[in-house]
Amino acid sequence: MRLVRLVSLALALVPLVAADVDRLFADDLPPSDRPIEQVVDALIEARLAEANVTPAPDADDAAFLRRVTLDLAGRIPTPGEVQNYLASSEPDKKSRLVDRLLAGPDFVYHTRNEYDLLLMAGKGSGEWREWLLKSFQDDRRWPQIFREVMLPREDKPDAKAAAEFLKSRARNVDDMTNDTSRQFFGVSINCAKCHDHPLVPDWAQDHYYGLASFFNRTYLTKKQFLAEREDGDLKFRTTAGEEKQARLIFFTSGEIAEPSLAARSDAERKAAEEKQNADNERETPPEPASYSRRAQLVEIALRPDPAGFFPRTFVNRLWARLFGQGLVAPLDQMHSGNPPSHPALLAWLARDAEAHNYDLRRLVRGLVLSRAYGRTSRWEQPTERPPEQLFAVAAVKPLSPMQFGLSLAIATANPAELAQWRENDEQWSARRSDLENRSQGLASHFEIPGDNFQVGLGEALLFSNAPQIEGELLRDSGDRLVGTLKTIGDRDEAVRAAFLSVLSREPQPEESEWCGNFLASRGDRPVAALQQLVWALVTSSEFRFNY
Amino acid sequence: MTADPTKLKAARQLDHTGIFFGLARLPGSKRVFIGCSDAKVYCVDLAAEKPEWKELAGHESYVSGLSAAGPVVVSGGWDGKLIWWNAETCQLIRKIDAHSKWVRGVAASRDGRFVASVSDDMLCKLWNAQTGELLQVLAGHEPLTPHHYPSMLFTCIFSADGGSLATADKVGHVIVWDVATGKQLAAVETPLMYTWDPKQRRHSIGGVRSLAFSPDGKLLAIGGTGQINNVDHLEALARIEVFDWRENKRLVEHAGDKHKGLAERLEFSPAGDWLVAAGGDHEGFIKFLSIPDGRVLFQDKAPMHVHDFEFDASADGLLACGHGNLVEFELR
Amino acid sequence: MANTYRGCCGSPEHGLTRRRFLGTSAVAVSTALAADMSVLSVLKNLALADEVKQQEKRVLLLWLAGGASQLETWDPKPGRPTGGPFRAIETNVPGIRISELLPKLAQRQHRTAIIRSLNTRNADHGGGTELMETGRGKEAGIAYPDLGAMLARELGRADSTVPDYVSMYTSTEGRHKGGPGFLGARFAPMFLDNGLMPENIHRLETITDLDHRERLDLRNLLSAQFARARDSAAVGSHNSAYSRVRGLMASDKLFDISLEPQHIRDQYGPSQFGEQVLAARRLIEAGVPFVKVARPWWDSHGQNFETHLELATELDHVMSTLLDDLASRGLLENTLVITLGEFGRTPQINPSLGRDHFASAWSATLSGCGIKGGTVYGKTDDDGNQVVDGEIGAEELFATIFNALGIDHQKEYQFGSRPIPLTNPGTKSVSEVLA
């Protein structure tokens, strides 16, 4: 609550002093050296106790393995991985699994895919995706990626793809402003464009145009390079009809002082003008502006700040990806009227991220080793299912298009071949890349998860009747699951193998019975029977979601 | 005869707010009748330094064609009417409800005996130029395009001896008729003048917009535009084909080389050694092709999209009308 | 009549077939789970058939893509420098005159309200399309649903065995799929961009109908097991999509116009647009609440009059046939027929005898359900350059459409924390054209 009050104070556009917040939380927050998972559980469970809710029990091993593999590797586990994990009796097998996943090649691919989805909605070019992959392979941290995206160097062959985020939006200041704001700072501010935000008192027109001013000098040159003018301000009309010149403002920062071109010497001004004119005609990427508003944005966004839009959004988005719901939800509504469900937890995690230079693996590891992450998604208590923001029970999360496409490829592959490819990481990395490329086509048919995610009729019709499902996924050739199953004489064994491959678990007795009967009733067409069984498994809700 | 196409120049321009679709010069004078988009026929004496636009009311829509036949001038319009005007006094002599659809063109035989009119009812009607009596109804053009849309009958022209009459439609079908009997003498196809876009925009554009017989009546020049990629615009080069129509043999295929749009009007030189074409898209053009080899003798932009023109009596000048302009060209 | 194609699925054999291959215990489980699943459905609100839905109101949008000329259709200016060559003709409603290119519609003017006073300000194809499809300007960070998705949401039924939003756009120019925006994929259009038959609606020959059905039963059984104690709207939508598959496959005949009597096919004529509108009528008749037929491409920068001679003539014929057909089947009073595009065309005639993009003063029409036919709303000046009376924008038009269907145009959706009304607060509908 105190946080709420503080952020509202910031409304007056008075820059906050960082120390205020440090003081505010210094006593409230758990010590910074406690393990992440312990802090998560302590704070989540405190809320649960307050709400008088007993959380759901742990998910079983198979469910945990599937969940954490989907979340960290972006795919279901292979049948071999399932069997190994279920067979293991090591007391620390969970943390060993998590460490293995974080160290493996899948983690960077999946991280790339998730941030590609966030920044480019899956529409980024191959070069952009390569650049993002390389960034995560090199363990570049989120502030560094933000910097490169905001201040791309198109003259550097290995870095120029970073320009795609801005270039794809450069024709529209609103797009640059709002997408940067939502994705990096967790603030949807466009409602404040035409009038002070009707629902969120924090955001006035000054804030919208203040943020847009960081982008108003950005444009594409005739040769389609990204460039930034030395001069130029946004003007807007207030609801009272008054024309106003926008001042540079970063949310709660207050007005930011900046050098003006007019104040510079004649020679400097002339040079700036000449550069500007020349930039637009250049055959090669222009040099950065001598004073860049985008550079100013990077500096101010990364500066230690009590409001902490940048670190909080980094943490909140990651939390939402793993837990199905943000600590602040919706993810782009960080403002005083919409406090986090667990303010101290968000503050602690953001501080921890900053203190450890946004170490993604460290943060992920801590979150997924918490009890809160490991609960079952079933709510079996007689009481109503608790609200999601209590994190009393695991969420059911739709797979992203690539998670789904890739998982389909793995589920329907010959398990022995999969095991061979998994033998060493280098081989698997190449195979994974190849599988991603081959899954793109199918993945393009699937919805991107977001608020109010729904499966459309098109997907159900595609699985029901499209030739590529029969011809690709359900083929009975040797490289496919169906081709393997048909060599298994025993019906129950075939059912078991199908469950392991597709659902990453053993079948329940009644499931064995149903599926066994299903196969038995098709004794005259055994291959078709297996294809239909695998079809029923890959189209099941269990496969479509991460539970 | 001193005409030299390479000497083409616009000697005089008269601006107007309307669009001029047709003109008729009166032999032996500088007087001209012009049909306009404002539903008026204007009579202008170009001998005057500041000519007066004498307004002749009678039509109810765009006046699309005009032709002089001895003492009368006949105009046709999108109102389906033909109006006979006294060339001398500019009085309206008669108004005939000639066609059930829009009249696209009017032509008179050189001897002043016949007037022909064409309309989107896909009929060519042959009239006694002096009495207004309907002599023949020439039916032979399909009312629908192959794609089931209304076709259009854009133009008609008499041979110099008045014995033959040619008509041409939207899909590039050209018919030569025997004036005396009303029978078809021949048909010629110019399918490239019609573009149907079945995929991107699903409508058509183009059509034959101009015809001219050579002085000996042997050749028939056909004008329009070429195949168009984006049928929203007249973006293809203006197209001209010349046939020996009796043999159904194409002698010249001028697919265009510079100017875009429709060839709206064609005429052979008095000696038949060259052909002049004019038209345009957003801009206008005028070009001269050598006959029979089809070589471009000269071409240039016109000040406007040209819809019609006529030679001077000596053929060393042209009077052209079109989008917002009336222009006197010199060829000497 | 409207229910002709309902009930094709949900055959009583289902229980029997399950028993045949799954054994009796499965039947018990699946029956027990069935109730649970229906509660799970995100669409349970839709299933509550409110008054609007019970009335089975429907909409057929004739989308005149590229921008039809108001001067060659609904707002002629004969005799003016901007008027073009076509006359205005009397209609069967005294005092209303429309272009002579629409003689058949002129005889059905009593069914149609003309709005002549749209000023939508955006004369760019992309922006205008987005505006006139959603009723709102584009806004960064939020995807608004289009009219079809909103009406599928308002008029569709969760358990429907027919699609609730079908969109046909065959020509490639300006093709825009539109879509549900924040309403979610449940309300995405069944999009037909190639022929009349939807994609993946037919069973492959490699599987028998029995196997196709029974593998779906197995899938549903396993999924019901999964859904137990996992209350999730997203999972509900997954099961809902699969539960509609067989019904939709059985509705393939709706798209097959060869099943229409020849005299009806002849009435609609041989053009692709005619065939699509006939298919649309079949869909409407079967209870599909929203069908859009796009007729591209009216963007007549050159040869405007010839282009409209083709396209307006076609519109005249096909729409007249449609209105008669709907009326004779008793469907017109519950079916709203709209003509609309992204904008109109300039009064100014360019040297290629074309008209260019123009959003300042143009027209749309509404016919049928909830509409006072034989009315004209709004007025442009003598040359059609400006609206002089009753100026409205996209929002007012959309509010009018909603109200004609009995839907409160201020009804709110929730997008995250933000309430979003169907049309922005303060928007008034054009009551003058409402019955």
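By written order: A, B and C. Residues from 1 in each chain.
Criterion: a residue touches a chain if its C-beta (ideal position, glycine included) is under 8 Å from a C-beta of that chain, and two chains touch if they have at least 3 such contacts.
Since we're looking at a predicted model, the values are computed, not measured.
Student: If we define chain centres by averaging CA atoms, which chain lands farthest from chain C? Would you check?
Tutor: When every chain centre is compared against chain C, the largest gap points to B.
Student: If I average the C-alpha coordinates per chain and also across every protein chain shown, which chain's average lies closest to the global one?
Tutor: C
Student: Where the centres are mean C-alpha positions, what is the separation of chain A from chain C, in Å?
Tutor: Chain centres of chain A and chain C, defined by C-alpha means, are spaced 35 Å apart.
Student: Give, as an integer number of Å, the spacing between the C-alpha centres of chain C and chain B.
Tutor: Distance between chain centres, rounded to whole Å: 45 Å.
Student: Please compute the C-alpha centroid of chain A, do the same for chain B, then give the distance between them in whole Å.
Tutor: Going by mean C-alpha positions, chain A sits 68 Å from chain B.
Student: Residues of chain A that touch two or more other chains: which are they?
Tutor: Residues: none.
Student: Can you tell me which residues of chain C touch two or more of the remaining chains?
Tutor: Residues of chain C touching two or more partner chains: there are none.
Student: Please give the residue numbers of chain A that touch chain C in the complex, ascending.
Tutor: Touching chain C: residues 172, 174-175, 177-179, 182, 188, 190-191, 199, 330, 332-333, 338, 377-380, 385, 396, 398, 447, 451-462, 464-467, 470, 508, 510-511, 513-515, 517-518, 520-522, 528, 532-533, 535-537, 539-542, 544-545, 547 of chain A.
Student: Any idea which chain C residues touch chain A in the complex?
Tutor: 20-23, 25-26, 29, 42, 139-142, 163, 182-186, 188, 190, 198-204, 206-207, 211-212, 214-216, 218-219, 221-223, 225-235, 237-242, 244-245, 248-249, 415-418
Student: Which residues of chain C touch chain B once you look at their complex with the stated criterion?
Tutor: Residues in contact with chain B: 66, 78-79, 81, 84-87, 170-173, 269-272, 295-297, 299-303, 306-307, 309-311, 313-314, 349-354.
Student: Would you mind writing out the residues of chain B in touch with chain C in their complex?
Tutor: 17-19, 37-39, 60-62, 64, 78-79, 102, 120, 147-150, 152, 170, 199-205, 207, 231-235, 261, 280-284, 304-305, 323-324
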